[in-house]
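Both complexes shown next keep chain A, but they swap its partner, so chain B is in the first and chain C is in the second.
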Partner chain A sequence: MSDRLSVGLNCPSCGGAISVTEGESTTNCRYCGSTLYIEGDNGVGTVVFKNKLDRDAAIKATQVWWRKGFKARDLKNVGTITEVYPIYLPFWSIGTRVAGWVCGYEERSTTDSKGNTRTEKVYKEEMVLQDLHYSDIACDPGDLGIRSVPNFSGEASFEDMDMIPTFESTTSHDDAIANAKADAIERGRESANVPNITFEKFHVLVRKVSMIYYPVWVVRYTYQDRMYMATVDGVTGRMLSGRAPGDPLYQSLAVTAGTSLGGLAAAGGIITLISFDSEVGIAGVILGLIVFGATYWFFRHGSEIVQGEFPDRKELSMRINGQTMMDRIRGLRI
Partner chain B sequence: MAEIKCPKCAGPVQFDAGTRFTKCSYCSSQIYIDRSGALFYYAIPFTLSESDAVGTFKRWAGGSTKAKDLDKLAKITKVAKKYFPLYMFRRLIDDREEVLLEPAASTVLPGLHQLKLPGGDLQIFDAQFNTSGAEMVQPDIAMTHYLTTLPGNAKEQSLVYFPIWELEYQFKGNTYHAVVDASSSEVFASTFPIRSSVAYIAVSIAGFFAFIGEGLLATVNLLAGTALMAVTVAAVFVASLYVARRL
Partner chain C sequence: MKVVQVKCPNCDLPLNMEMKDELFYCSNCGTMHTREAQRVEQIPYEIADFRKDTLIDNRVYIPFWRLCTDFRIRSRDVVGGFFDKLRQGLNGDNGSGSLYIFVPASHMDTAAFRYWAVHLTLNNPRYTTRADFAGTRRMPASTSRDEAIEMADFVALTLEAEKPGVLQYLDYSLTVQQAKVVYLPFMSSPSGLHLAW
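Coming up: the complex of A and B.
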């Protein structure tokens, strides 16, 4: 451990003062011309996006959002905005290139005119080469409902940095890179589209690591003594996330529609199955169950409408052996 | 803002919590701020007032998994404003930077042993910092206790005070605790009165099977099937509206 907090930067070969800007990983000494490698900051550059929104625009966006979707019908009249302020959120933004090979096979079943089903293996060998962008919030998002950079284009400017409270980065640079690499491999594998993989080999190059400070407007509002929070993108003015009260009427309408349509689809499926013994019948029953399940979920949890990436968000996921219901339906040969 | 001496001209240089590189305003030399040998004190300012915290708690208590009308029926018996301390270590372990969080005070409060640092605008905690009347929870675990056992080499170590509202409430004779993170509005609770899904499931399942039956019936007797369906639609609607409002 050194005993000094500040480190003056001198050229190790000639002792001259050197000037470095954030984000550089090499520099040249302007006195002796030596090329120097900078270790301290791992070459992370900082980008600050300029805030384009004002208070009124953030309020307007929230009020428009109140009217959309299945939110409480009286929210637009009863909801009171109590606080509106901008913050800068830190994000790791990592550009990667993934290159590799995926080998494997796909099983295809065909039924000929005599009704015999044959399954054949179609061998596949896919090359992967992609440039990707990964982003992840660099602090704990708490209840903000934001995890990744809303968009990568915007005017860069440091001028608001002193005016707007800035959330500090509290996560590790190397963890972010490791996550970016894992994400690149995952996305590379997906892009190859090989259902059964027998061999794969990927290389991930990290091209650029930067810290993006992105302006986000926080809007707090009250509805029947409850305090809700929503966030608005400070560059595009889009709603990013938020919680809002739901409406029992919509919950009730949803479950009424869901049980009737779902029940009838299932009944239709059963009849088809009995009289024609066709797979269409099974699809009908499954479709009925899905409609029923989805509307039940909304009935049970629709008292709060949530938009954004929240850790406690209740997602409707019915997975069987890793396949979603929708995949199963698509997979059925009708 | 904290201050250091410029290593070239010894002039005072100010820097903020997130600053890594800065320029001396007297001699314009570039300075890298090396945090490896010092302990920094940071604090996150409160963004929620007491009424905001109670409102946020009520929003949480009105959620679909909590007992019906918990937001209206919970009687809040205690509200305390506190700064809770946490150690944050940034270390190089096998050439990888890792951030390690360790508790600085022992607690039984929900959420605070999950060891995460809520997002916030870290500010240097010194004599000028305005604690806005919050009780400072004193660290009772010394940092040296961790420093001697942590792996790798130090890059930065800090004690971070993060803002919380501690709430105690009563519901049906029982006392519960919740913590509202006053920077990012997250609510933590280990136990809370839950809502049963039974009524929701019963209405939905009954409606679904009634429609399957009536759908089958309609193929035999269209009139009877349709008439029964109309009755079921009305029944499911009324029952579900009652459940969604009251249960």
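Coming up: the complex of A and C.
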């Protein structure tokens, strides 16, 4: 992020308000010109984004979201908002530069006209030199469906921290740095694209480390006696994540259309294969199976529409110190 | 989070630098220092003089870490590069020895970083030094000494990998014996930066 942020601190020389670029540790006072050094915890700069939404705006954003996609058509009429409240979520924001070399080889097989297959080694030495950015939530996201910083632009202010419940970071500074470095090496290795590695050496420089506290509105609602949850970006007002009921009509239509199209494609493929011994027939069968698979997927998951970064459904029941994420949110609610 | 006014560790005067720089320079006594958390450390440095015909308005100093290193190759495996291997065999040269490695201390994009690091390491600059910056603008530094040492390893490896043949394995050691910041004179022009000594 290149935007300069007002961080709620004052120059120790003249008392003027200080603005800094996120993650940087030096600045000059724009009033008296003094050179200033910002000492963060372990060199970490903390940025708190100002909440720009109110309760009504969060509800409105959720209700607009209800009308989009394949969600239940009567959700906008039947859905009932039960709870709306803001929370601050902590995120690590780390800039890195990865530099290194990856050496090794790739095996390429060629088949000649007589059907003989020959494998040859293509030797490779690839340089990696990239600037990367790593962002990850600093607490357990539980079933919020949020993992990375939603947005990097906005007004920064500490004043909301007293008003809005804040999740404390549960990931240490050292762990975050280690994760950012491991991420940089992994991405560097992938970009080198050397299948069989015989030698590699990477160096990762950590350029900026920031802890970003970001406001998120949690909206809980019911639909036909079932509880659902959605989250709204407290800075931009856009939907971040959520679960919503699907529509049985869309599921039925999808199954009818999918099985018909899949069956036609597969049957056509089989007939073409038998009659003309053509590769087009195999393609038809594969296409039919893909359509069947997609139809099954929509039927299986269409009962609930999910938006957001949910890495694994199993995390829904994840407990932290004996409490689920929802228990913790309820405990923090004002 | 706490804000402190930066003072020179030598003469204790507050600094009023016009730019944000990780290398804090005291224009009163000429001391340069770095800060990391609460650790303050004085940094040795040199300022190279400009060529006389360089237009004053176009002058800019760019800081580099100059690392005096001992680079030892224990074993290597290179595919191809027959003539280079033959030359090394005849000369008894295995690429080991003292090496002055230059690492840009300013933020540069990756292409510029690589170019200047490799170019200056292969062609060590010779220059006359001067005592101060004489009002010439300089690019701020953003790379610490420890980071420069990390990148010196990358530069040494790059020199080795860019020799003829395809490198497959390298067992080596790189020991840094001395680190110093060197402000090299550059001339900025519409086509980019050019050395000016």
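Just so it is clear, the second predicted complex is superposed on the first by the 211 of 334 C-alpha atoms of A that agree within 3 Å, B and C clash if a C-alpha of one lies under 4 Å from a C-alpha of the other, contacts with A are read in each partner's own complex, and residues count from 1 in each chain.
To be clear about the criterion, a contact is a pair of C-beta atoms (placed from the backbone, for glycine too) under 8 Å apart; a residue touches a chain by one contact, two chains touch by 3 or more.
In this text, all values refer to a predicted model and were calculated from it rather than measured experimentally.
> Tell me the contact category for A:Thr96 with respect to chain B and chain C: first, second, both or neither.
The answer is neither, since A:Thr96 touches no partner chain.
> So, does A:Leu9 touch the first partner chain B, the second partner chain C, both, or neither?
both
> Please work out whether A:Asn51 is in contact with chain B alone, chain C alone, both, or neither, and reply first, second, both or neither.
The answer is neither, since A:Asn51 touches no partner chain.
> Go through the superposed model and pick first if A:Ile18 touches only chain B, second if only chain C, both, or neither.
Both partners, chain B and chain C.
> Going by the contact rule set out at the top, does A:Pro165 touch chain B (first), chain C (second), both, or neither?
Only chain B; A:Pro165 stays clear of chain C.
> If you stack the two complexes on chain A, which partner ends up touching A:Thr272: first (chain B), second (chain C), both, or neither?
After superposition on chain A, A:Thr272 lies in contact with neither partner.
> Between chain B and chain C, pick out the one touching the greater number of residues of chain A.
With both complexes superposed on chain A, more residues of chain A are touched by B.
> Check the residue A:Arg220 against both partner chains and state whether it touches chain B (first), chain C (second), both, or neither.
first
> For chain A, which residues lie in the overlap of the chain B contacts and the chain C contacts?
Residues common to the chain A contacts of chain C and of chain B are 7, 9, 18, 40-42, listed in rising order.
> Would you pull the chain C residues touching chain A in the complex into a rising list?
1-6, 14-22, 24, 35-38, 77, 79-80, 109-110, 113-114, 142-143, 147, 150-151, 153-154, 157-158, 161, 166-170
> Which of the residues in chain A end up touching chain B in this complex?
Residues 1-9, 17-22, 40-42, 82-83, 85, 87, 89, 137, 139-144, 165-175, 220, 222, 225-229, 243, 245, 248-249, 251-253, 255-256, 258-260, 262-264, 266-268, 270-271, 288, 292, 295-296, 299-304, 314.
> Please output the residues of chain B touching chain A within their complex, sorted ascending.
Within the complex, chain B touches chain A at residues 4-8, 13, 17-18, 20-21, 29-38, 45, 47, 52, 54-56, 58-59, 62-65, 71-72, 88, 90, 96-99, 116-122, 154, 181, 183-187, 197, 200-201, 203-204, 207-216, 218-219, 229, 232-233, 236-237, 240-241, 244-245.
> Give every residue of chain A touching chain C within the complex, in rising order.
Answer in residue numbers: 7, 9-13, 18, 24-28, 33-43, 45-46, 97, 99-101, 103-105, 123-125, 127, 129-131, 198-199, 201, 203, 205, 207.
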